[in-house]
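Per-chain numbering from 1; labels A, B, C and D assigned in written order.
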Amino acid sequence: MPTKGLRYVNKVNLDKDAATEPFLHNRWHPDIPFAGTIKNNETVKIECVDWTGGQIKNNDSADDIRDVDLTKVHYLSGPFEIETAEPGDVLVVDIQDVQPLEDSPWGFTGIFAKNNGGGFLDEIYPKPAKAIWDFEGIHCSSRHIPGVKFAGLIHPGILGCAPSHEVLKTWNEREADLIKACSHMDRDVALPPEPKGVHVGSGEAQTKEKVGKEGARTVPGRPEHGGNCDIKNLSRGSKVYLPVHVKGAKFSVGDLHFSQGDGEISFCGAIEMAGVITIKFSVMKGGMAQIGMKSPIYVPGPVEPQFGPGRYIYFEGFSVDEHGKQHYLDATVAYRQTCLRVIEYLRRYGYDDYQIYLLLSCAPVQGHIAGIVDIPNACTTLGLPIDIFDFDISIEKPAEKRQLGSCAYASS
Amino acid sequence: MPTKGLRYVNKVNLDKDAATEPFLHNRWHPDIPFAGTIKNNETVKIECVDWTGGQIKNNDSADDIRDVDLTKVHYLSGPFEIETAEPGDVLVVDIQDVQPLEDSPWGFTGIFAKNNGGGFLDEIYPKPAKAIWDFEGIHCSSRHIPGVKFAGLIHPGILGCAPSHEVLKTWNEREADLIKACSHMDRDVALPPEPKGVHVGSGEAQTKEKVGKEGARTVPGRPEHGGNCDIKNLSRGSKVYLPVHVKGAKFSVGDLHFSQGDGEISFCGAIEMAGVITIKFSVMKGGMAQIGMKSPIYVPGPVEPQFGPGRYIYFEGFSVDEHGKQHYLDATVAYRQTCLRVIEYLRRYGYDDYQIYLLLSCAPVQGHIAGIVDIPNACTTLGLPIDIFDFDISIEKPAEKRQLGSCAYASS
Amino acid sequence: MPTKGLRYVNKVNLDKDAATEPFLHNRWHPDIPFAGTIKNNETVKIECVDWTGGQIKNNDSADDIRDVDLTKVHYLSGPFEIETAEPGDVLVVDIQDVQPLEDSPWGFTGIFAKNNGGGFLDEIYPKPAKAIWDFEGIHCSSRHIPGVKFAGLIHPGILGCAPSHEVLKTWNEREADLIKACSHMDRDVALPPEPKGVHVGSGEAQTKEKVGKEGARTVPGRPEHGGNCDIKNLSRGSKVYLPVHVKGAKFSVGDLHFSQGDGEISFCGAIEMAGVITIKFSVMKGGMAQIGMKSPIYVPGPVEPQFGPGRYIYFEGFSVDEHGKQHYLDATVAYRQTCLRVIEYLRRYGYDDYQIYLLLSCAPVQGHIAGIVDIPNACTTLGLPIDIFDFDISIEKPAEKRQLGSCAYASS
Amino acid sequence: MPTKGLRYVNKVNLDKDAATEPFLHNRWHPDIPFAGTIKNNETVKIECVDWTGGQIKNNDSADDIRDVDLTKVHYLSGPFEIETAEPGDVLVVDIQDVQPLEDSPWGFTGIFAKNNGGGFLDEIYPKPAKAIWDFEGIHCSSRHIPGVKFAGLIHPGILGCAPSHEVLKTWNEREADLIKACSHMDRDVALPPEPKGVHVGSGEAQTKEKVGKEGARTVPGRPEHGGNCDIKNLSRGSKVYLPVHVKGAKFSVGDLHFSQGDGEISFCGAIEMAGVITIKFSVMKGGMAQIGMKSPIYVPGPVEPQFGPGRYIYFEGFSVDEHGKQHYLDATVAYRQTCLRVIEYLRRYGYDDYQIYLLLSCAPVQGHIAGIVDIPNACTTLGLPIDIFDFDISIEKPAEKRQLGSCAYASS
């Protein structure tokens, strides 16, 4: 009775250009060819590059963050054919494990420049910045944010099945409408299809051209299939239930995160890494109708890092913005205020604001919608685990300034 | 060395009209007279009526919900003078315990009519409805929502110190601006001062008139003092840090909840009850400057009901509304969609939608901001604990319709 | 639809002599008359005196501990008739809540003198000692053990149904055999029936005499019915399944603990208190056969105080005693060594050994059987939660002696 | 700034005979030569064979268990020199990760024959038996015990530093005394030094002979250094503090477990596997005196699989043995009874007793010392997590017999 390791459906070579790999792609489109086949009820390992395909380096400059080419993101592994899966089925994705690549035990968190990507607080923090994280087993720490160390809540930022042509059309129209409606705003509100930078795996030139014109960008998650949900708790042992829209499912996965905070606020905000994910796939025939499913659902795994409930400091924010303007039940405004409250709290210890912005993006902070009905104020909360710090940040103890270095900035 | 119980600073009589009690009030205003004095570092018990002051009855009709007089809410106990507290201090509120009144072991969850209060889903569910909950020790169950039972995450929906005149002025101007800006909307976006229904404790007629004209409504929480935050985790053993704006703090508390879900989505959505809260008060002199505090912060207690992480089903929602319209990073829209996904899931077991809407409002569901940067979609999640049901709601098991009765509705 | 509080089946008067109360008793015997009747599926409140019936006072001397009359313990509330319960059934005891009496917010932990009660470490710590604990809501602290504060894991030390005459006979014979076999030891190994101090509730003189001669002492738990199990996790929300041996069950409860550590090592080791327990009773007909039940089983409640797993220091002990003698897989010896390791660790901070002995008895420490098969050493562990201390006891930080006062001792 | 993976201090080849590997040994002795050198504060990967060195195979017969050569166990990796460590120091072992070998994703749990190894229940279950476990990421399941699946609480069963000659002498004398004192018993109570089967890594014949005569067997953990503690919670992220007795520490590790229950009752009771452990080593100079350390202490990691407290059934056992004999505060007897109660409970579902015995040995069951002072009964409890079963084992639901196959037995 022989035993051996699980099958790898692909192997990543970090020295190669992601744009040449046949098992990677960076748009959602039903015509991207299969990168491999997986049996129903099979468990496999899938390797993934980091979401930028290696554009960001392990160094002390944020020039790479400043200059990142966002037409290329995210590089996803797939799409994989899951045998027996058909439209209307639910694909059950049992995440058995997620690990960084053994020879690449590091990751990065970035703050994009306001004019190239931006982020949740870019009105206030417009400069590019970066932190490199070193992994030691389940823990990580950063030379750019001294004083913290924590266990990763490791997970994929993106997983989903390809849209059908019909679903894709819905997406493109819906987002085009928004872009049109917001044309007065001085920022991108959505990313339309973009031929530049497109990669379609082993697809031919014709496919590439078509996908460049029609393919949905990978940045947002979308209700019909999930995709870039950036749910920090989708970690080891989780089961995700995904709608299937095309024959064979065309499942893709990528954007692996060693850790992330709720909101992933700096956009490149998780600890981004190259890694390997172990998944058992199974198909629930006719599952969408059975569950009444419109969007993915999931059940978390049992091995999340645990802090006692009393080991968090919770900050409160309301839908009154930093200019004193009252918004109507706007949880987005409230969460931005909540984040700012944490920055004000932590800067007393000697961190600069960009370090904290990076930290809130990637550490396992809990972002909750507390009250959403007490007109006109939405109230959100953010729980900061105090045990990730190697000094005492409890409230009643006077804060003492420390030498806490600096994150990486871009050259000017 | 004698020992005895803690001091009660007031005692509630449920047979009396809340509007006549000298220790209750229902507006925020610095001129409302003190209802009692508490020493620094003293622990006391404070009794509270339910937030409506007894308007809602333990019966099987939602007529009382339909007809509720919202000019009177919330009845708060206080304001109490905390000795030594002065503006700029932080009041540390150590919540030692919260309990329902011993002779009133029940509470209610309501869905207000769209035209009298409304709620998070009132576009879809405009009718008034109600569920009565019976308490047995730490647990509750409802004849109006059979099949569920859970331990309460008991907490106050409102606590805060009185605003100064200056803070109050800010509130009134800020919210008036919103009302003006939204005058085209066919719904209330904020509640301006309202002389009708005002109650100012032991205050004289002159005070009452002034407070009626200027006093801030208690419905929203506000960043400067907290107030109606409706944070479900502010339970037994929590410590809350509140800004002090006036001499003596003028602390008030009320709106006790036996349990609440994140968002408290039906507005009268917690399990509302009369009860008693035990608080130890202490004053951090100069605390606001020391902490850099703009809004309250808190540390949860250690006795929250615990489910394993794998005992939740998490639903995902995105900022595409039920009409298919794409919104820009709108977490409020996303959370509404998330709630609708749960309703669709649970109705398969035989619940009607209003029952589920009530349940999501008051059961300990976890509402998270997952991703808030992936333009244009905000993604929120809602975790539904499966162990509150006495039947199996796991995903892969086909749902079976049950006889699950009905919540209380209004007569027509 | 009227609502009111739950029924009290008895009310304790702390000014009265426990030995005169008709609803208390202090032996296990089937002939003790019922103290009241409870319906199947009824929820009631039962008040309890502390286990010594008020012998221990809230003062700073351990004279009362030294002189305690142990023929009288434990005073239990009951026995109550549970309608429909018959031998062979299982009584389901749903512990809805446990609270100290409102006007008696304190408790005590004692170390009995070696020659009057003793305890787990009495060879090393033979003197009587005491700590008084003050309750504030869910928390407790002691003037006799400064520097610690924790949330109680509140529970009954004793609950069980009366033995049948047959079961009682088994107990008496079995324990008499042990006493005989150990007659060479210089310590009590079991407590035989004892006419002195016996109390049988409303029972007549004849009953009293009979029970004095035959009644089982309440000190040990016993496999056939549970009784004095001292299981710290039998807290709010727990369900206990008890064998029924006599018609009507004759259920008794007492020995309420505000908190206890695994092992309750100082014997009077929990935080002993007078209090009230809320129980819903229900009867599983024929349950003993259905479950194959020989001893009680239980399911803990969901509201235990939680510390993260990383917030414990775990000490290891082995079955080599303090004289260097090797014992064979003796978990009792191992656990004693484990406790001694904690005392050695904590005394570095300025506590005296008796203070620590008291603390380990009553704080929520986790006592585990780690390895029980690696001949000849059993290995046990004891987890000490570090968050109960108001100073930092982490391992790598050098210990600093503090002024930590003294527990109460007896006059000499 | 190059990055690469962590250093492996050794690499296991499962096709080679463990008895020939220079980095393995199977006795504790200070003269066994170093197998490598690790810097202070270095993080390394150490590969380990399973504790039997490959004697047990992935098949459906327990003949290998029956015939196992126990003179050879345990094969440990080491001893490693930790630079700067000297007697009196404490070696801090930061367990960054533990994983099965990638190409060996399986493990075994065995019940040794009563006459060759035995176990905790061998009086009742004397036959050899075996279960093979398959790993899928963090989870495991067994074809020999259908109906269960759980996340591993992965850990090393053995880690420790070599004894000094003086400590070794103490061990040998102490255990020889026990063997002598128990010569009347018909079972091994301890294992004296044994020349047969000894392996001393790269040691010469002379060393081998000396270690054969003097070397301590690896089976028991011992207070002075830890060793075979079999503490199930020493998992990912744990930090262990070990006494150093010889220059360079001579640290060894092995006996990796994918999972284990408290007690590891069947002796070969964990899920035994070959694997790799990632450790960061650091030296606390003079730590033993600073901490007052006599035995190892540890702090668990934050990623233990979590079940809610209410998702366990707890069984109670007392120190009355299965023959009805009363023992005096004997936690070992009590724990044996507790285990038997679980077997009686679970056999109702169709498992045979050996399957349950295996399961209790390796699943994450919680074994607690509840009461250890209520003469004459010790009370222990065992918590069985109900979520590891794929059918409902809750108490009030009548048990239904299932087809649950069989574990592997020996041929006769």
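Definition applied: contacts are C-beta pairs under 8 Å (C-beta built on N, C-alpha and C of every residue); 3 or more make two chains touch, one makes a residue touch a chain.
Since this is a predicted model, take the numbers as computed values, not measurements.
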item: Furthest chain, CA centroid comparison against chain D; value: B
item: Between A-C and A-B, the pair joined by more C-beta contacts; value: A-B
item: Averaged-CA centre spacing for the pair chain D and chain A, given as whole angstrom; value: 39
item: Whole-Å gap between the CA centroids of chain A and chain B; value: 32
item: Separation of mean Cα positions, chain C and chain A [Å, integer]; value: 51
item: Multi-chain contact sites of chain B, meaning residues that touch two or more partners; value: 237, 301-302, 304, 306-310
item: Sites on chain D touched by chain C in the complex; value: 92, 119-120, 170, 174-175, 177-178, 182, 188-191, 219-223, 226, 228-233, 237, 241, 262-267, 269, 284, 290-292, 294-302, 304, 308-310, 312-318, 320, 324-332, 335, 337, 341, 344-345, 347-348, 366-381, 383, 395-396, 398-399
item: Residues of chain A that touch chain D when the two form their complex; value: 1, 3-6, 43, 58-60, 95-97, 102-106, 136-139, 151, 236-237, 278, 280, 301-307
item: Complex contacts: residues of chain B adjacent to chain D; value: 306-311, 387, 392
